[in-house]
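The two complexes that follow have chain A in common; it is paired with chain B in the first and with chain C in the second.
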Partner chain A sequence: MASVCPTKTAKKVVGIALLSAILLVFPWLGPPVYFISFLYTVFMFVCMASAWNLIGGYAGYLSFGHAAFFGTGAYAAAMLTKAVGPGTASNLLCSIPSGLVAAVIALVVGYPCLKLRGPYFAVITLCFAFVVQLSVQNLGVLGGPDGLWIKGMDLPVETGRSILYESMLLLMAITILVVERIEHSKFGAGLRAIKQDEEVAQTMAVNAPRLKMGAFALSAFFPGVAGGLHASYLTYIHPTIVFDVNMSILIVLMALFGGGASWLGPVVGAVLLSFINELLSTFVKAELARIIYGSLFIVVIIFMPNGIMEFIRKRKQTGSPH
Partner chain B sequence: MNTVLLVQSLIGGIIMGSVYALLGVGFSLTWGVMRVIHISHAAFGLIAAFVAYGCLQRWGIDPIASLVFMVPLLFCCACFVYRFLILPVTKAREVIVSSMILTFGIAIIVENIMLLIWGPDPRLITTWYTSRVFIVGPFYFQYAPVAGFVMAVAGVGVIHLFLKKTYTGKAVRAAWQQSDAAQLYGVNLTRISMITFGLAVGSAGAGGVGLALLYSFEPHAHNLWLIYLFLVVIVGGVGNVLGTAAAGVLIGIITGLSLAFLPYQWVNPLTFGLLMAVLAVRPHGLFRSEV
Partner chain C sequence: MLAVERLVVKYDELTALRGVSLTVESGALVAMIGSNGAGKTTLLNAVSGLIPTREGTISWEGSLITGLTPDAVCRLGIVQAPEGRKLFAKMTVEENLQMGAYSPGPRARVAESMKRVLELFPRLAERRRQTAESLSGGEQQMLALGRALMATPGLLMLDEPSLGLAPIMAAQIFEIIGDLNRAGTTILLVSQEVLQTLSIARDGYLLENGEITLAGPSERLLADQRVKKSYLGL
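Up next is the complex of A and B:
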C-alpha cells in the first residue's frame, strides 16, 4: 500500500464519490420499495459489522452480544419518541441519544467483561445479550412480552422508506469514515497491538484497559443508533426481534467473512453475505438455503481462514511481481 | 414454603443438571484438549434425540437401547468431520475463532437437515414408562428422568475412567497438558484428537437422548442447550470432567431452588446472570482445572 501512485488514489476517490452519488439518488428514481428496503438492511449490517470490527477485528475481542446494543438502541428510541412526541424529525433524531444509551451500557458492562480474554469474552457477551433480552421480555415498563408500538412517521410508504434509507446511508458512511480514521490513527495501532500481545502492548505504554473500553463503547454506539432508526422502520419492536442472538452471530460472521484486519473487510463481508442470503432465500427452499449458507462458512473458513480481503490481497501479491 | 415441594424441585434440578453435564463433558474435552469450541456439539446431541425418537416411533426401540448403535455411529461421523473439516482449520493462526465459525456452519447445516426430515414441530419421546412413577416416602420419581439421570452418571463415569485408566485416555490427558512433549513421547496428536472428538460427539448423543427423556425438543432446541453447555463447562473449568459433573449438579440445584422461589420467566435470566458473575470473578471455573 506504500507505493500507491496519485492517479490510483484519484481513481479511488472518483469511484467512491460516484458510488455514493448513485446510492444517494437511488430511492428518488422510483424503484420498487423492496429494493429500497433491501439496501436499507444492507447498510444497517455494513454499519454494524464495521462498528463491531473496532473491538472484534482490531482488538481481537470477539463480542457475540452486539444485538444487545442494537436492541437497546431500538428500545431507547421507542421510549424517547414516546416522551418527546412522534414525528419524522424526532423519530430520526431520537436515534442519536439511543446510541449514547447503548454506549453507556457498553461502558458499564465492558468494565468487568473486558478483563476476560479469548473465548471467555465471547461467552460472557453472548450471555449478556441473553440476559438483556430475557429481562426486557419480563419488564412490564418496556412492554414485556407484548413488545412496543412506535408511532411511525405519517408519510406514504415510499417516502418514509426513502427517508430511513438516506438516514441509514448517512449513518453507514459516518461509521465507515470513523472506523477508517481510527484504523490509521494511534488508537487503531494500540488496538492492533492489544490483539497481537496485550502484555507486551502494555509494557510499550499502551493503556490497554482504556483503549478497549473506548473501542467497545464506540462499537456499541453505532449499532445503538442503527437500532434506533430500525425501531422507526419496524414500527413494532419485540425482544425476540431486536435482541435476536442470530443477529449478534451474523454480525461477527460478516466481519470475519470479509476479514477483520481492515475497514474494507466488514463492508465487503456484510454486503456479500446480505446479497447471498437474500438471493438464496428468494430462489431456494428455506431449509436448503440455510444448508448452502452454512456450507459457505465452512468453505470460507477452510480456504480463506483470514477472510476474503486477505485472500484477495495474498493472491494479488503472489500474482504480480512487485 | 413446603419442604416436600422444595426437595422435589431440588431433585428435578439435579437430574436436569447431571444430564446437561453428560452433554457438556464432551464439549469440555474438545475445548480443553483440541482448543476447538464445538458450536455444533448440541446439534449432534439433538440429532441423536431425533433418531432415537424415529426408532421408537417406527420400530419401537427403546431410546436408551438405541444408543448402542447410535454412539458408534456418531463416533464415526465425528471422525469424518474431524478429518475433513476440523483438521484443516486447526492449522490456522486463530484456532478458536476459525473453529467457532466452522462449527457454527456445521450447526446450521445439521439444524436444517433436521428441519427437512422432521419438520419444526416439537417432539416428545413417549415410552411405556414415561408416565410411570415410583414413590419413595413423600417424593415422586418419574421413570424417564431417573433413567436419564442414571445414564448421565454412568456416561460421565465411563469417560472419567477412560481418561484415568486407559492408555489412550492417558494420551488424551498428556496431549492436553503439554501437546509438544506428548508428541515427543510418541503420542500421535491427530489420532488422539480424532478419538477425543469422536468420543465427545458420541457422548453428546447420549446426552441428547437423556435430555429428550426430560423435555420435548425441536430442531432449534440446540441453541438453548448450547448456552447451558457453556454454563456447565465454564463453571466446571474447561477440560475438567469431574468439574463439569459437579457444575451440572450445582447449576441443577440453583435452577431447582430458583424454580421453587422465583416466577418461571426469571429463572433463565438468573442462570445466565450467574454465569456472567462466575466468569467475571473466576474465569477459569470454580474448580481447579486438572485432567
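Up next is the complex of A and C:
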C-alpha cells in the first residue's frame, strides 16, 4: 500500500500540471473565439461555485443570493475603471478591490442574516439579491435602468478575450487553492462542525458567528473579483444581467450537483453542468434541452443527494475489499 | 472552582431556575440530581453560556463568567458533554475527537490527548475511521465523553451520561467517570440515576422545580427520606 501512495500523488501532480499547461497555452494556439469564451465561463462558474461552497457546502448556510456579489463586483469595477482611467492593466487590477467591496457588503449583510438558519437564511439571501438589483436599477449614479458601459481594454477581440481567459483561469486556480487549504484547516473543521450542530460546535469553543462571517465574506470576495473581470468582458453591464437570479441558483446547483463536502465537488459540478448545458443547447432543440437539463437534476437529487463526488466515493468504499 | 450564586433563568415567562446556588471545588465530583424538568440541563446550559441568565452570577476560578459566549466559556476550560450526546453524526470518530480539542490550548496537546482518550476507550480506537452515527449507543456515549476530554477540561459537566444505555453499559460509564475524577478531573455530574450518581460523587445537590432543596455529602442525600421516597422508590 505504502508504495502505491506516492506514485498516486505523483500522477495527480503530473495530471494537474499537464492540465494547467494545456489550459494556459490554449488561447494562444488560435482556436475559435467561441471556445475561449466557453472555457472562460466555465472558469468563472468553477470559481463561484467553489467560493460559494465555503458558506454553503462546509457551513451549510445555503446562500441563494450570490449573484448579488458577482453584480456588485461588476459595478464596482465599472466605477473604479472610470475613476482611474481604463486600460488593460487597470481594468484587470480593478477587479481585486471590486472583490473587496463585495466582501464588505457580505459582512454588512451577513451580520444580521447569518443569525437565521436553514430555509430562513436561504430566503433572506434571495431577497437581498433582489433588493440589491432593484437598488442599482434605480440609482442614477450607477446608470440606473440604462446600465453602464465599460471602456474596453483597447485590444483586438481575440487578444482581449485571451487575456481575460488567463485572468479568470488564474482567479479560478487561486480560489480552488484557498478553498482547499481552508477545507483542511481548523477554520474548515469549525465550519463543518457548524453545519452539523451549531450549538454543540460553540460549546467546543468554535466562535460560530465569526467563522460564518469570515466564510461568507470570503465566499463573496471571489465572485466579486469574477464580476469585476466579467464587466471588462461584457463591456456593457445591466442590473438584469449581472444580478440575474438564475445565476444565484445555478451556483448553488453546481456546487450541490458535484457535492458540497469537498473542494472537488463544486469544481466537478460546475464543469459538468457547464458542458452539459452547452452541448444540450448546441445539439438539442431548446425546449427539449431544458427538459433534459431539468430531469437530470431530478435524477441526481434522488439518486445522489450528496452530490456526484460523494456518490463515487461511497461506491469506491463499498466496491473495494476494505 | 465553579461558584453559582442565586442564579435565575427564565424561558420567556416560565421560570426554570429560581435562585440556584452551588459550588464545585477543584478536584471534586459533584452530583446534581432531580427529576425531569427540574432545571438540571438549564443550569448546565446557563453555565456554558448557551442560554441567557436573568439574575445571579456564575464565576470560575474567581472571575465572573456570566454572559460570556459558549465558545469563550469553553476556552476557559469549562466543557459540557450535552444530554443525548450530540455528536457530529457525519464526522468520523477521529474527527469528533479532534473537534473536542478545537481551542488553541488543547489543540497544542491534541496528539497527547488523543492517545490518552483512545487508551481510555479502546473501542473508539477500533472504530476511529467510522462515522459517529454508525456507533452503538454505548460507544456514542464513550465518544461524547472522549470528545469532552480532548478539551483537557478544568471542569467537565456531564449531562445524563447514561441516558438510553443498557444497565451494564451505564455502570461502565459511571465507573469511568469515577476513574476520571480520581485521576484529577473536576466533574459536575447531572443524572437521574440517583443511586449510581451518588455512589461515585462526594457531594450532591437535589434540584426540584428550579430550586435546590437539599445539599450536602452524598451519604446524607442517600439517607434522606425524600430522596429515598421520590427517587429511589424505597
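Operating definition for what follows: the second predicted complex is superposed on the first by the 318 of 322 C-alpha atoms of A that agree within 3 Å, B and C clash if a C-alpha of one lies under 4 Å from a C-alpha of the other, contacts with A are read in each partner's own complex, and residues count from 1 in each chain.
The rule is short, and it goes like this: contacts are C-beta pairs under 8 Å (C-beta built on N, C-alpha and C of every residue); 3 or more make two chains touch, one makes a residue touch a chain.
What you are looking at is a predicted structure, and each value in this text was computed from that prediction instead of being measured.
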{"item": "Touched partner set for A:S295, first chain B, second chain C, both or neither", "value": "first"}
{"item": "First, second, both or neither for A:G190, with chain B first and chain C second", "value": "second"}
{"item": "Partner chain in contact with A:M204 - chain B first, chain C second, else both or neither", "value": "second"}
{"item": "Partner chain in contact with A:V101 - chain B first, chain C second, else both or neither", "value": "neither"}
{"item": "Touched partner set for A:A74, first chain B, second chain C, both or neither", "value": "neither"}
{"item": "Winner by number of chain A residues touched, once chain B and chain C are compared", "value": "B"}
{"item": "Chain C-touching residues of chain A, taken from the complex the two chains share", "value": "186, 189-190, 192-193, 196-197, 199-208"}
{"item": "In the complex, chain A residues that touch chain B", "value": "62, 112-113, 115-116, 118-120, 122-124, 126-128, 130-131, 134-135, 137-138, 245, 249, 253, 256, 287-288, 290-291, 293-298, 300-302, 305-306"}
{"item": "For the chain C and chain A complex, residues of the former touching the latter", "value": "48, 50, 69-71, 73-75, 79-80, 82, 86, 88-91, 95, 98-100, 102-103, 107, 147, 151"}
{"item": "Interfacial residue positions of chain B with respect to chain A in the complex", "value": "31, 37, 85, 88-89, 92-94, 96-98, 100-102, 104-109, 111-113, 115-116, 223, 227, 230, 234, 265-266, 268-269, 272-273, 275-276, 279-280, 283"}
